[in-house]
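What follows is a set of structures for review.
Look at the two complexes coming up: subunit A is in both, with subunit B in one and subunit C in the other.
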Partner chain A sequence: MKFRGKIVDVACLNHFSRVVTTISKLTKMCVLRLTPDNLFFVLSGKVGNGGVSMWCELSQANFFDEYQMEGVSSEDNEICLEVTPENISRALKTVQNAKAVKVKLTKKHCPCLTVIAELPTLSSINRVVTHDVPVDVIPQRLWHEFKEPDMPDFDVSIYLPPLKTMKNVVDRMKNLSNFLVIEANLNGEMNLKIETDLVSVTTHFKDLGNPPWGDDASQDAGPSQSRDPDTMAEARVDIRRLQQFLMGQQVTPSRAMCNIVHQRVLHLILLHEDVSLQYFIPAVA
Partner chain B sequence: MHCVVTGGNVKVLAKAIHSLSRIGDELYVEPQEDGLALRSVNSSRSAYACFLFAPLFFSRYSVPNRNNFRCKMAIKSVQAVFRSLASLEKTVEKCHIELDEQKNRLTFTLHCKHGLLKTHNLSFQDSESLQAVFDKDSCSNVFRAQPRLLVDTVMHFPPSLEEVTVSVSDERMWVRNHVEEEAEQSKAMLTELCLASDEFDHFAIQAHSSVTFCLKELRGLLVFAESTGLPVSIYFDEPGSPVVLSVTDSVLEGNFVLATLTDDPGLRKNSSRRGHTQPPPPPDDFMNDDMDSYLIAMDTSIVPGPSTAGPPTPPLAGSTCSKRPVATNHRTRIHSEEEEEGEEEGDSEKAEDSDRPPNKKFRSLFFGSVLPPSSQMNTQPVVSQEVLASDSEDDSQDE
Partner chain C sequence: MPLSTQSQGDDEQYVLVACSDNARNLSNILKAISFKDHAIFTATPNGLRVTVEDSKCLQANAFIQADIFQEFTIREDSVTFQINLTVLLDCLNIFGGSALPGISTVLRMCYKGYGYPLTLFLEEGGVVTVCKINTQEPEEPVDFEFCSTNVTNKVILQSEGLKEAFSELDLTSEVLQITMSPSQPYFRLSTFGNSGNAHYDYSKDSDMMELFQCTKTQTNRYKMSLLKPSTKALALSCKVSVRTDNRGFLSLQYLVRNDDGQICFVEYYCCPDEDVEEE
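This part shows the complex of A and B:
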């Protein structure tokens, strides 16, 4: 198992560190999967983390100037590590002005993801800072837990309003209730609702548009195509999870959408050039 | 006492008080012939800081009629006088510091723009002089750097980090975070920064050594150094003897004396069992017989000294002789980028050092109520070292 990547471009470094920071806001621990072409940050839905799961996919070529990896074997050319994204985020943040940053898998006192940065100085010798972020290597027999989640058989898919607007609404609602109902239809309408004994609040969004899922989601085409465009599909979710998702946004996505499986799951998707982030929040009764 | 501070110097004074507040809860004020001394020490007496403002720093400076007046007060209340640093610079034109002997009050009067006058009457307690015993000029390793370099270095470490280890070779300085236990080490993120000697204004190494000290106080000094733009000098010897950070210009001098860790886990384990038992005060020739020195002395006896001779004193450390094997296979992270190398080197060195009493925490600094400051400062280290070493000897008998 070997891994070594090098980032020279400041914009790439900045972008990468924002992606990692976004991840760190969503979860304390996650799995980093390295393949020859991609990096994945994965959180599989376990009870411990409130049943949420996450899948973030980056194409290495868009971030790294050099990227070498050697997986466990030539058939399974992958490396799977459990990491604390916050540590990586912190390491990257302190080296924003570096001339070059190397990320390596190293064996120190324990397996580490080592971030080495050459910092600019006035002297002839560069200042070098090394951050050793301890990681756990995940054995191959557990890899199956970290495969890409299937696209859920959603009832409604809809584009999200500007995340900032949504965040402001959700932040206010959080003061009133612990749960939020998100509902949407195929007519481009979405509502955020809270209901308590004392108060019911609903925020209506309209003309959001529904993404065409033609070929990709062909197997799902059945239910959503024949669906009455005005019928709402809804999911009641833990408001903190949704808030966490909206709060942590460091990447301004070019596309933000969500899929709702009626009373089952809320599936949020952010697309930004080469990065895609999917976040699943289970619905509660 | 009556001092008048004007213009930009008000901010300098305020920054000094702010950085002293990072050290301890009390501010010791002592108007001396050679200037106004402001000092502070932390509760475990492992960090001490002193600013001396020369008479020229003030537009008027007079020492009290009653000679050797000294007092201490809660540093928070003094900080409150200079609360808003930002507006201070713009609004305050001068600051009077006066001692009202009748009422036993120290009065800070801020003369602000538009004739606004702010008066703070602070009560104080009498105190003995607080003086750490250190001799930075005898330190084998001396560095001087612009505050920016150190600020940029410290920035890489998380705010929650307590201690850093600084190691030096002929041409490099390494700064890394200190992680206490092996177990924690596997979880903690380790950060290491390497600085080349030519980034420093001055870089003089006599001994390749490695010391661990608290980051908080260094950050405190950097607040001051950065705002005044004064270069910071660093003096240190070997693990266990204090590191001195200092800033100087023509009208002021600031010294921060920080205890360093004895990087000796084998022995450290041993002392943790003993918990925080306060060792008895050392014999009377150590210090003057007043309250402050008594407290200080209690702490000081944790300090191991290199010498093994001296009068027997009560228990501290049984460990030292018997635990020698432990000490030889311990982990040392001493002066090296190659850890393996460091370990070997460290071991051979440490075999001798294991004669020292065990140490869980920082060695405290030597303090005294220095009535005749100069003479005592010179003699004290020797005396105390003897005393301390004897502590450990006695201990082994005890167990």
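This part shows the complex of A and C:
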């Protein structure tokens, strides 16, 4: 099991650091899966984290100038690590102006992701900063828990409004209630609603547009095709989960959308050239 | 959507309709008195008065004149209701309450009458939010009987001058003692905390002093915990008038200028602390 990668380009380094910071805002612990082509940050829905799951996919070629890995075996050419994204994020933040950053899987007192940064100097002597971020290696028998989630058979898919606007609204609603109902239809309309003994608040977004999913996306071409465009699909979710998702946005996505499975799950997707982030929030009754 | 399509006919069912093209004009001034959840709204053709009280010893009033609103329609002589102020502020700032120029939240506030919720329609950048805040039975506000004919001492200061003192107040002191006098020390704020006593003196000739009318030396103590909330009003204000009457009651009046340069007033009344040591 070997892994080493090198980032030289400062823009790539910044971008990578922002992605990791975003992940760190979403979850304390997650799984980092390394394959020859991709890096994945994965959180599988467990009761402990409120049933939320996450899937973030990065293409290694877009970040790393050098990337070598050798998985546990040639058939299963993968490495699965449990990491604390915040620790990696901190290590990367301190080396933002480095000439080059190497990331290596090492065995010190425990398995570590070692971040080695070569910092610029005025003299001829190099300054090298090393961070050892402890990780846990996940045995192969548990890998099945960290597979890419299936695209849910959603009732409505809609583009999200500017995330900043949505964040402002959700932040205020969080002050007023613990749960929020998000509803949307195929007419480009989305509402955020809360209701308590003291107050009811509804924010109406319109003209958002509905993403055109090909035939491969909605498997049975059933409900969403014949659906009345004005009928809302809704999900009642824990506001904190949605707030977390909106808070962590360090990367301005080129596309942000959400899929709603009526009263079952809220599936949020952010797309950014070389990064995609999916976030699943289960609906509560 | 409610804001654009609502016809004038709809308005007839409301006893109170107030519209503003900048919700911050209302939310900012309400922040100055938001130290307790419950606020009593009294609307008259002159405008709105919002009252918040604490322990029957402190009362804050915000006055928002009718002309602060682009439209202010009231169908009765006076409309009174009680509402949760914290909730109202969250609603008014639903879009983040950005202070950036060119971005403002349009507000339409409607009330149908006793037993109905206060309805807010807010719009920013084409996004509309509708809030229905339940109203409560209004409590009778305490009458502090603070009457200008009984005022013993009065000073008007530029708020800048008091902000520094208030931001550095020793909060370990249980009381804030205010001394006003026609002779030295003229106007003095004192605290008695764990780490010693502190006095802030303002000369009557200070640049910060706009008016100095003290007739008699008066020293009164006020509970720090009661006065602390008034710092919010001070922070927003440009001038403050400090008055005490013959019973030692304190009146603080703040002049607050909003984003559009219009003027509103916020007023705090506070009872003196019981064991006053007269000089």
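What we mean here is this: the second predicted complex is superposed on the first by the 282 of 285 C-alpha atoms of A that agree within 3 Å, B and C clash if a C-alpha of one lies under 4 Å from a C-alpha of the other, contacts with A are read in each partner's own complex, and residues count from 1 in each chain.
Following the convention adopted for this analysis, contacts are C-beta pairs under 8 Å (C-beta built on N, C-alpha and C of every residue); 3 or more make two chains touch, one makes a residue touch a chain.
Keep in mind that this is a model prediction, so the values were computed, not measured.
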Combined model on subunit A: subunit C and subunit B, fit or clash: fit
Contacts of A:His109 with subunit B and subunit C, given as first, second, both or neither: first
Contacts of A:Leu176 with subunit B and subunit C, given as first, second, both or neither: second
Following superposition on chain A: angle at subunit A, subunit B versus subunit C, Cα, nearest 10°: 70
Which superposed partner A:Arg240 touches (first subunit B, second subunit C, both, neither): neither
Which of subunit B and subunit C A:Arg90 touches, first, second, both or neither: first
Which of subunit B and subunit C A:Thr203 touches, first, second, both or neither: second
Partner chain in contact with A:Asn168 - subunit B first, subunit C second, else both or neither: second
Minimal inter-chain CA distance - subunit C and subunit B, angstrom: 7
Set intersection of subunit A contacts, subunit C complex versus subunit B complex: none
In the complex, subunit A residues that touch subunit B: 84, 87, 90-91, 94, 108-110, 112, 119, 121-134
Touch list for subunit C against partner subunit A, complex: 1, 84, 86-87, 90-91, 93-96, 117, 124-134
Residues of subunit B touching subunit A in the complex: 152, 155-156, 158, 185-196, 198-199, 339
Contact set on subunit A toward subunit C in their complex: 161, 164-165, 168-169, 171-173, 175-176, 197-207
